[in-house]
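Below you'll find the structures, each written out as structure tokens.
The same chain A turns up in both complexes below, where it pairs with chain B and then with chain C.
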Partner chain A sequence: MNNSTQLAIQTEGLTKHFGAIHALQDVSLQVPNGTIFGFLGPNGAGKSTLIRVLTGLIHASAGHFAILGRRSKHNFHLRRGIGALVDRADFYKQLSGYHNLEMLARLSGHNKPSHLNDILHQVGLYSRRHDKVKTYSQGMKQRLGLGQALLGDPKLLILDEPTTGLDPIGMVEIRDFIRKIAEEREATIFLSSHLLHEVEELCTHIGLIFSGELVAQGSIEALFQHMGEITLDLDVTPTAVAEKFLQNHDLVKSCEQTATTLRISILYENVPELLRQLARQDVNIFSASQKNRLEAFFLAQAEGK
Partner chain B sequence: MMIFTLIRNELFKIFSYWRTYMSYFFILLLVPLFFWGFSVGGSNIERQLTNAMGNHFLMVGKLVNAFTVAYFVLNFLWIHIPFLIALVGGDVLAGEEAAGTYRVYLTRPVSRWKIFLSKSIATLLYTLSVILFLGIMSIGVGAIWMGLGDLVVLQDGILVLPAGTAAIRFALAYGLSFLNMSLVATLAIFFSAMVKNAVGPVIGTMAIVIIFFAISSLPLDFFETIRPFFFTTYFDSWTKAFYDPIPWDYLWLSTWTALLHIALFLGGAFLIFKRKDILS
Partner chain C sequence: MRTIGKIIKYEVRDILRSKFVLFYFIFFLLLTEGLLRFGGGSTKTLASLSNVVLLVIPLMAIIFGAMYLYHSREFTELLLTQPVNRHQLFTGLYLGLAVPLGLSFGAGLGLPFLFHGFDDAGDVMLLLVMIGSGVFLTFIFTALAFWISVAYNERVKGLGISIVLWLFFAVIYDGLVLLVVAWFADYPLEKAVITFTLFNPLDLARILLLLQMDASALMGYTGAVFQRFFGSFWGISTAATALMVWTVMPFWMGMRKFTQKDF
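== the complex of A and B ==
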């Protein structure tokens, strides 16, 4: 494998069958170091299967992978230096949050009380650390899940739908927390989700998986540049002048007025040129926003499948 | 020493469940009840024995003592204690899968082999603790309550074991019991590796034990032929510790049978556990 040291995760031809079901088909993924990588796909596409293979919970039928530049026959060695939260966070309910964390920390030799308390502070559970996990809300369990993933200061965090089952406030908290970890620890974060806005908000890179096949991967900006036609909402005045200009413009495929904006269809690479020309028409451009860029990209890829 | 850390974790988990303490509570409750029963009704038993043997022997001292009661208490080893041990052994692997805790535990940088080994050792340590507790409660507390004395064993006749010999025989009986209960524990672990909830392994283990006992006791030629191949056939090995002379051949056979089954059950359980995909 080339460039393996620059890649936090690299898979080659990773395949997993459950009987006749092909959960992963020849997946070759590359996750660069230091990125927040969003792994996207609809429910049942194979996101969790890939994560479970990477974290050693399930065995691949074929192919291999490297984590943080390391390959090993015994994949528990690969789990050194990574933290993972797979699916919903479940713990030993009869034990306290602290004891759960302590028990898991012993497995990687990072069980100093100061380290554990530091993590509990970070995830906002310090004051509840001695309460049994069965008294925690799902949001608290999820934060404890993130806490256990942070044990030993991992260089790679693998998070499988970390906001699943949380209320909107909990989701925002977790996203802020992930962003903070990425900034403060300079760790690579590999995040699976089917929430497009979540990925668009957090991630620098994405990978798209449909029916077990990886259909796209790379930086968000690079992928969007190749996405073809997009929908753009323009907040402009005077609207009538702008509308007339846009309706007759060669670069614009369609133009319609919404309640507050002019909505146009245009090729992604033609946007800067169109905006330049529009400004020359004495039109004031307050904003030009592409709503749900990722959604458009995702749907385009889904149609391609 | 990672394995000690893992065993410590597993013991911590086992002893954090209230069901783990059921066996101790059971012993704590029933053994004193036996002592109370014997101390109240023991004089009748003693009188009957004295009447029956008084014509042939000179009876001196107490016939009903801590050893006598401890000998009766050992009968818990047929069904009751196996059930309580299966409760813990059956949960040790399946319980984690049912609770979803494998998703955090198995993603740590530890091999499944070590995790399996630690779970098995922890379960066997628990089994040992139950047998030791049974011994302490039966003989230790019994000695304070009723005092020690010679042990009268009714086994194809009457055998009187002097107190010193009886103590050694009890040590042997508890050792053999530990082996048999370890077999039950490993059978529960084997079932536990196969399923995703802890109820199945407990029922499965007890079903096997009871069915094998039932088949073993049927006086039919066919069952007589296959009887030696059932591990439950040798569950009576502790009773043989009180024979005179001790049937060492039988005890060695029972020991090897138990060890072989333990190895088979643990080996099978490990193969299943190692290859298992954690999907829950």
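== the complex of A and C ==
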């Protein structure tokens, strides 16, 4: 495996079968260091299976992987230096959040009390640290789960659908937290999700998996450049002039008026040229927004499958 | 070993705070205290307790052990993502449950005797054998529970198999042995019966207790055979080894499954 030091995660031909079911098929993934990498796919596509292989919960049927440049298979030492939250977090229910964290810290050799308190502050559980976990809500358990993933200042965080089961406020809190961790700790974050807007909001890079096969990976911007036709909402005045221009323009595939904008279909690479020409028509362009870019990309890839 | 110790320490703290272990301790404490107060002396009490020990302990250990592992599946997965190897984790989880269960049984049974004393010097040995057998049965049936709950992902199926397994050792096995003895009544079956006994940890514990109670005479010829074999050093060593094997085998099989399992 080349460039392994620049890659936080690298898999090579990773395959996993559950009987006749091919959960992962020859997956070769590259997650660059320092990125927030969103691993996307519909339910049952193989996201969790890959994460479980990487975190040692599942044994791969074939292939190899390397984490933070360390290549290993079925070796628990590989998990040093990474923090992981797989599925819904759960703990010793009769023990406090602090004692649970302390126990996990001792297992990984990072049990300084100040470190634990810092983490509890960061995940917003400091005031409840001495309460038994059985009194925690699922959101609080999830935050404690993120806290345990931060033990030992990991360089790589692997999070499997970290906002699952949370209410909207909890989801926003977790997303802000992930962003903060990525910025402050310069850690690589690899997270799986089927929430496209969540990934688009958080991630710099994505990987797409369908039926166990990796169909795309790379930086979001680079992938979008190859995505073909997109839908663009234009907030412009005067609308009539803009609409007439757009309807007769060769680059525009279709144009329709919505309640507040003009919605056009156009090839992604033609957008800058069209906007330049539109500005020359004495049209004021207040905004040009491509909504649900990731959704469009995701659906295009799904159709390709 | 240090990792196993860390897991056991927190597991024991969690389990000791759960109401089940407290209930388990209080159950044996009240039962023993009640029998000592109202049921006669220490000899009668120990005779009454022997059946409870032989039936309740395996049932509680196998059901609670299976339920515990099924309930903590998500936490076990969290522990598996830590830099800990699976052998250490399984050992820690197992001992963390079996030790408090064994201790609460031993304390619940032993404390009232410390308070009330013994009618007969032989009762001290009987109590020690009873506690020893109970602790062995706790470890054996907890190991069986762990093996089952690692082998079967479905909770209902796992619990069902646990109950059937307990029923098999507690009732069905003896019934089958009796059938064999009845069918082949004309043949010398002493060695075969002793061998059959080694294949059921409950029977082993039962015979060890009966021999301590001098109740083997009630079993007629078979009792005499047991007395001759299990009363000897060779027999006691064989029984102790069989109980050790019964503890280690399901533990080892469970650990093997655990290390190979896809979670």
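Rule of thumb we're sticking to: the second predicted complex is superposed on the first by the 303 of 305 C-alpha atoms of A that agree within 3 Å, B and C clash if a C-alpha of one lies under 4 Å from a C-alpha of the other, contacts with A are read in each partner's own complex, and residues count from 1 in each chain.
To be clear about the criterion, a contact is a pair of C-beta atoms (placed from the backbone, for glycine too) under 8 Å apart; a residue touches a chain by one contact, two chains touch by 3 or more.
What you see is a predicted model, and the numbers here were worked out from it, not measured in a lab.
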Joint occupancy of chain A by chain B and chain C, clash or fit: clash
Which of chain B and chain C A:His77 touches, first, second, both or neither: both
Which superposed partner A:Gln148 touches (first chain B, second chain C, both, neither): both
Touched partner set for A:Lys180, first chain B, second chain C, both or neither: neither
First (chain B), second (chain C), both or neither touched by A:His121: neither
First, second, both or neither for A:Met103, with chain B first and chain C second: both
Overlap of the chain B and chain C footprints on chain A, listed as residue numbers: 18, 52, 55-59, 76-77, 79-80, 84-95, 99, 103-104, 106-108, 145, 148
Residue ranges of chain A in contact with chain C within the complex: 18, 52, 55-59, 76-77, 79-80, 84-95, 99-100, 103-104, 106-108, 145, 148
Contact set on chain B toward chain A in their complex: 2, 5-6, 8-9, 12-13, 16-17, 99-112, 275, 277-279
Residue ranges of chain C in contact with chain A within the complex: 3, 6-7, 9-11, 13-15, 17-18, 72, 74-75, 77-86, 260, 262-263
Chain B partner contacts - residues on chain A that touch it in the complex: 18, 52, 55-59, 74, 76-77, 79-80, 84-95, 99, 103-104, 106-108, 145, 148
